[in-house]
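Inspection log for the structure reproduced underneath, given as structure tokens.
A, B, C, D, E and F label the chains in the order they appear, each numbered from 1.
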Amino acid sequence: MMTEYLLLLLSAVFVNNIVMVKILGLCPFMGVSKKLEAAVGMGAATTFVLTLASGSSYLINHYLLGPDLAYLTTLSFIVVIAGIVQFTEMVIQKTSPELYQTLGIYLPLITTNCAVLGVPLLNVQEKHNFMQSLIFGAGSALGFTLVMVLFAGLRERMEGADVPGIFKGSAIAMVTAGLMSLSFMGFSGLIK
Amino acid sequence: MAFSPFITKPSSVSEIMLQVLFALIPGILFYVWFYGPAILVSMLLASLTALATEALMLKLRNRPVAPFLKDNSALLTAWLLALSIPPLAPWWLVVVGTMFAISISKHLYGGLGNNPFNPAMVGYAVLIISFPSYMTHWLTPDGLGDITLGFSDQLNYIFHGILPGDIKLDAVTMATPLDTLKTQLHMNGQMKTILDMPIYGHFAGVGSEWVSFGFLLGGLYLFFRRIISWHIPVAFLVTLFAVSGALHLVDPSRYAPPLFHWFSGAAMLGAFFILTDPVTSPTTPKGRMIFACGAGLLTFLIRVYGGFPDGVAFATLLMNISVPLIDAWTQPAVFGRKDRS
Amino acid sequence: MRKLYTFHGGVHPATCKTQSTGKPIAKAKLPSKLIIPLHQHVGHSARPVVEVGERVQKGQLIGRADGHVSSAVHASTSGTVTAIDMQPVAHPSGLPELCITLIPDGLEEWLELEPIDDWQSVPHTELRHRLRNAGVVGLGGAVFPSDMKLYAHKHKIKTLVINGAECEPYITCDDLLMRERAAEILAGAELMRTLLYADEVLIGIEDNKPEAIHAMRSAVIAGKHANMEIVAVPTIYPGGGAKQLIRVLTGIEVAAGVRSTDLGVQCFNVGTAYSAWRAIRFGEPLISRIVTVTGNVASPQNLETLIGTPIIELVAQAGALQGTNGYIMGGPMMGVLLPSDQAGVIKATNCIIAASDQLFPPPKTVLPCIRCTRCADVCPAQLQPQDLYWHARAKNFTKAEEYHLFDCIECGACSYVCPSNIPLVQYYRFAKSEIWAQQASQKAANAARERHEFRESRLEREKREKAEKLAAKEKAATKSEAAPVSDKPDTGPVDETQRKIQAAIDHARAQAATIKPKNTEQLTPQQLAEIADIEARRARIREIAQASTDTHTRE
Amino acid sequence: MRRTMAKAALLTALNLTAFALFGTALLAFIYSQTHERIEKSVEAEKLKLISQILPQSLYDNDILKDTIKLSPDPLLGNEGETTAYRARLHGRPSVAVIEAVAPDGYSGKIYMLIAIRENGELAGVRVVSHKETPGLGDYIDIARSDWITGFDGKSNAQYNDDDWKVKKDGGKFDYMAGATITPRAVVKAVHKALQYFALHRDALFAGERK
Amino acid sequence: MFSALLAMAAIAITLGAVLGFAAIRFRVEGNPLVDKIDAVLPQTQCGQCGYPGCKPYATAIAEGAADINQCPPGGEEGIRKLADLLGMEFKPFGSSTVTKPKAVARIDESTCIGCTLCIQACPVDAIVGAAKQMHTVIAAECTGCELCLPPCPVDCISMVSIEESTGNWKWKYPVYALTPSQTAAP
Amino acid sequence: MSYQEFKDIFYNGMWKQNTGVVQLLGMCPLLAISTSVVNGVSLGLATTIVMALSGAAVAMIRQLVPNEARIPVFILIIAVLVTAIQYLMNAYLYSLYVVLGIFIPLIVTNCIVLARIEAFAARNPAIQSAFDGMAMGLGLTAVLAVLGGLREIMGHGTLLSGIDLALGASAKSLVITVVPDYHGFLLAILPPGAFITLGCLIAGKNWLNQRAEAKRITFTDAIPAA
């Protein structure tokens, strides 16, 4: 049981990394990774939202909707997530204005960070129980944070690189993300 | 002569790279001895492609071509890539891999010294993902297979994809020893019986253990010439040994002995030539240890549980991602700030 | 044997010292003119105290120390001041500085000096004052006013380190000084020990100077100096850096920004000790120093040179050769290529190397950094030069500072070993001066903000006060209208106008009053000084103006 | 105007609720209007897949209605209940279409639909979903190659146990060099499904027809 | 249908209540970011950014109303600092912006009539002097904003650029011939 | 609304503020689905419809929403629209739905829809908002088409494969085999290929911009001083 949970967690963080393998959550990944601190902040905020969203969406799906109202899944999930994000946004603005400024337009966009909706939907699809949903949510968010932070490190270093003019900025960041995802393919098959 | 210091120690990038190329030679000699000269063809092909791509990219980037072509780094990338591709790979495979390595993973970042990812390993990873079937057909060592291809037959296959008569590709190639082990274990084979197969020698594959030995010799040369420091090879090999040894002790029927891991696949090449690429590895001693330990662990995991026959390339790339952070977090204490910071 | 420590890194370039150690120290010929910059030391420039055309004596004060950190400048020989103007100086920028040009009269007529026979009985403050007025500054390279370094609380300093390492290739001035004038160096060290209340004196000399070590050891015995030791230290560049030598001798590491006195050590160059002794004992100001003239010259040697001697004339004495394409002041590792060979020798000039393509081949092709970390392996400050370079090149100064840019001592060891031939130190110098400039402008901005905010609040206050005053007045006015104050109602309108005029005048006065004190409160001493200067100028202008009107009226 | 906390909360809540109710109502309406049509389309789609391996000539019943639930069985490799479809011709059982899982594919499970004639002969096999390496192990997919049609007509009667292997291991089935793990898994799973059919034949076709 | 409405209504009411509550509970007064931005600006108070001073410009940036590349005295370095602070991409000056070399005002003492108008204009109190007396600019405190130029009735104020000397000289960015564009790099 | 205004909005959406290569928003579907031209264009068009409709809807009701409920309400509108479209298509346009089916729910979380609503529809009238949504959507579609085309050619050596699913079996003849006997460069259709190709597209746009800039400068320079 414990091992199963652990494997689920590791799989969500590395093998099925939400950004590199599932290609979800790319907008904040590209947008908030220019500075290491911002990446850490975004990671933390997303982890908070994603874990909460995984748990609450499980409860909603299980107790409020049931099979009859399956057509409301997306709608209800997204509304709940939007609410959680809005709440988080207000709290951050109050407690850490710099983080608020750095996260900029990406903070409200956590709502549309595909990962945040994608993970609860995947939970439903994979028929995860409550505990599994939470672990999968947290694991995905940790994986998101991990690659964000690593990516931010790479981007900070690349600021000094002699990148050809037309590739400066987001183009080379994209290529880097590509090579990262190439590397992450090395995990494939590790946990089936 | 405008700035101090006005004197410099005689050394150059091109000489360093040349030494590394030189150090590869023992391994290559063993390679040719056991598998025939096809590998030399791949190496030549890769070298020409690398130089051409390098020159083209430098022109496009509006940089002087001659000094960079002379730095030998493209040649080194080409050789390392060629050594990790099956020698009988079709010519276009070598060309595509080398071009990708030099153009995308090196020059898009600004060329020599600027690339965060190991170009040769990017080339390898691209190839194994895109053309897995070509990338898993390795030559059978001389004397093991039913048929041995002559040099002209090898050339014919590389450039035209034609094998003489009715010989099938399977007859002259095999999966690598690592791959075979994995496949057999997958089919519930027993370690002992598997390792008794004719393709295995003293520690690992009949030919590949000698090739690895050659790379070990070359690596030691690099160490004594102070071109590489001990941290990366030692940390990598020790980690690989420790993890595989521990699991081998637990269940010898399912886990290969540690020396098998050392002398098969790209472990030795990786330890001394690939992970040590100065451009893409950490610069601090502590960072190098962390980097190499991580690579050792990942190599083992990918080899034993993962989807690829060998893990060195992906382990290298995965650890490359974390180099900036490792560097930042392992900054050694500066003179006079030992206990302060 | 004393236990010696080691420091990280270091390099072993060819020393090239034997060329210039063959001959004893010779006196340089009196040059045709002396160009003496007023800013030869760290800190404020000296203020000229002579006028053009004035005749000066040898050793006469020509520039007075100005400000807290500053040092005096003296006439190196007797002669006439022919100019006080901007001249090219021995500075890498090639920019001119204020210099005093002196044409020697060949008499070498000394000013009357004030020797002290029994310096032990003179108060320390007086000794320091004399050192300052004698223009004694560090001759090891940093040219920091020595009197400032010779101040310490009792029993705070344990060790005085005298630096005779001379680790740079080519330079031999300290070597020769130690061979020939050991006793006086030791006397100077004794003087310094007293001023610092230090216990022991350690004199570090690199073991490639056996003659100097021998001479100094003999002098210690001969002079019966207690608790003073000559220590042979391993030859390694930059073993003569103060931090490195302190580390080797005592094991103490002095980080950048930390005063070594806080850790119980202080370090001086042997030449400084010698000059300090001459200044106290004989009252001689610092007007000459030993300069190694070497490189592409016929007879490399050490010359005792007057400060201000033009480089070109000095080199001529050692026999200038064909093929010289520049002059390096200092050693090949840290020296600067002089933009002009007309500049005069300054107190920091320990060595002049005539450079040629044979000795110093033109720089090789520069390639990108391949992160081989050879530079990190040799960096005595234990920095990561490749990271510093990466950030400095990208002008990412915040990051460069985070990686301890300011701990770099610019020793050049990293550039020396770099296989890519990158002028690393150059990038560090660039980054440092950019950061300094930024800090200066940030400081200016902060001050400007403060003044702006102060002004805003003052304007606010004035507006408020005015409004209050107006309100009060209006109140008074209504009151006066309500009450029958006047018994001459017909004069009312006149009164009204007059009152209005008066009010306007009052208003103007009040305004003038508010203006007057403006900007004359809360001024800093500098501002006050500046204002005083300005006022003096005005007084003069007024006088002139007055004089002209006076003449007019008289006519 | 200073809003009190309670008032603000109430306002926001009401606003959100209003929009939510409106949206839900709209959706519910659309759903009620469309779900029947949608279900029909989905069934048609499933039928299309089944009809690939189940010739029209072999049945005349409504196979989508004539189903039976199969509980997990190691021979089928399924973990939960799966559905089997039963084809009948003139009221007599003709073909069973069962879902089987090959658990040991190169990169995970391979889901298959296997149609077995009443006499134990394979009518056809299709891979429904898999994660095998594109370009290497995916030749089992009908979209990439017709390797999978090699099973048509094979039966346990025709091949003995040793024949149910790829040629490389001494069996009778083709494979593509460089990717033998995938076909091994598929062949093994099909073989097991046939064994399952042999054991449960009667139970499979039992039950009333609709 | 009814259960659907009920379910969504429940969700909406709960969320709405929480959000409404949070909106009041976590209300933010003022914007502390303004001071942080202001600290980066050069405080020349020249108004070239289009705002009446540095602080107003800082406020505008914080509110998202102004771009970060509008302050010429701050130079590119200033933009870079702002970009860093705000996590934005560096943005060069527009083509219409001219950055001038640093200069200070100097009053021609023989022409000055002591009208005090320049004193009133100088935003940083860098001019001293009393009415009807000659005025002088304290060079060290002058930010070079040029605001004192227009009000002077006798045009006695001129800007003198600060020349390079060994005191303010800076080491140049290393330039070497072989890789020309590297020297032109970031 | 003037012609110029339309033109500006259109230019903005298609080029200047292009979501795919400039704003870098809505990238998940962009990268995940651009494995072929047909997939790319289908998703692009579906997104365009949603963006136009949601822009109009939000612009109409924006005054009714208090600030703190802003995002939930907007997202609710998008979700309702998307789900409705999904069901309607499923029921009445089944064959098209088979192609697009899995992509449609993804539109809900496509950042660009909400981003555009926040940035444009929340401040502008309905017609402009609808048009802006459309322009942005078309810009995205263009990128999707190019990206899909590149990846399809590199990955499979074909173009327009799968078009029969969208246009019926008769369209099968439209499939172009660009490189016959192609080995298939798998990387191009896997995630890394998607990233790298998009990176190159962005660089391509930078290059075009740079060239345009250079031209503009030489052009103005050529004008003699009057």
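In this section, a residue touches a chain if its C-beta (ideal position, glycine included) is under 8 Å from a C-beta of that chain, and two chains touch if they have at least 3 such contacts.
Note that the structure is predicted; figures quoted are calculated from it, not measured.
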Result of counting contacting C-beta pairs for A-B and E-F, higher pair: A-B
Furthest chain, CA centroid comparison against chain C: D
Chain closest to the middle, measuring from C-alpha centroids that were averaged per chain: A
Centre-to-centre distance between chain D and chain B (centres being mean Cα positions), rounded to whole Å: 43
Centre-to-centre distance between chain F and chain B (centres being mean Cα positions), rounded to whole Å: 41
Centre-of-Cα separation between chain D and chain A, whole angstrom: 32
For chain A paired with chain E, centre-to-centre distance based on mean C-alpha positions, whole Å: 37
Multi-partner residues of chain C (each touching 2 or more other chains): 363, 365, 368, 393-394, 423, 426
Sites on chain B at which at least two other chains make contact: 3, 61, 67, 104, 110-111, 114, 126, 129-131, 307
Residues of chain E touching at least two other chains: 4, 7-8, 11-12, 15-16, 18-20, 22-23, 84, 174, 178-179, 182, 185-186
For the chain E and chain D complex, residues of the former touching the latter: 1, 4-5, 7-9, 11-21, 23-25
In the complex, chain F residues that touch chain E: 66-69, 72
Parts of chain E lying in touch with chain A, wherever the complex brings them together: 3-4, 7-8, 10-12, 15, 18-19, 22-23, 26-28, 31-33, 36, 62, 84-89, 182, 185-186
Of chain D, residues touching chain E in the complex: 3-5, 8-17, 19-21, 23-25, 27-28, 32
Chain C residues touching chain E - in the complex, by the definition given at the top: 39, 89, 91-93, 95, 97, 363, 365-366, 368, 393-395, 398, 423, 426-427, 429-430, 432-434, 436-438, 441, 444-449, 451-452, 454-455, 512, 515-516, 518-520, 526-527, 530-531, 534, 537-538, 541
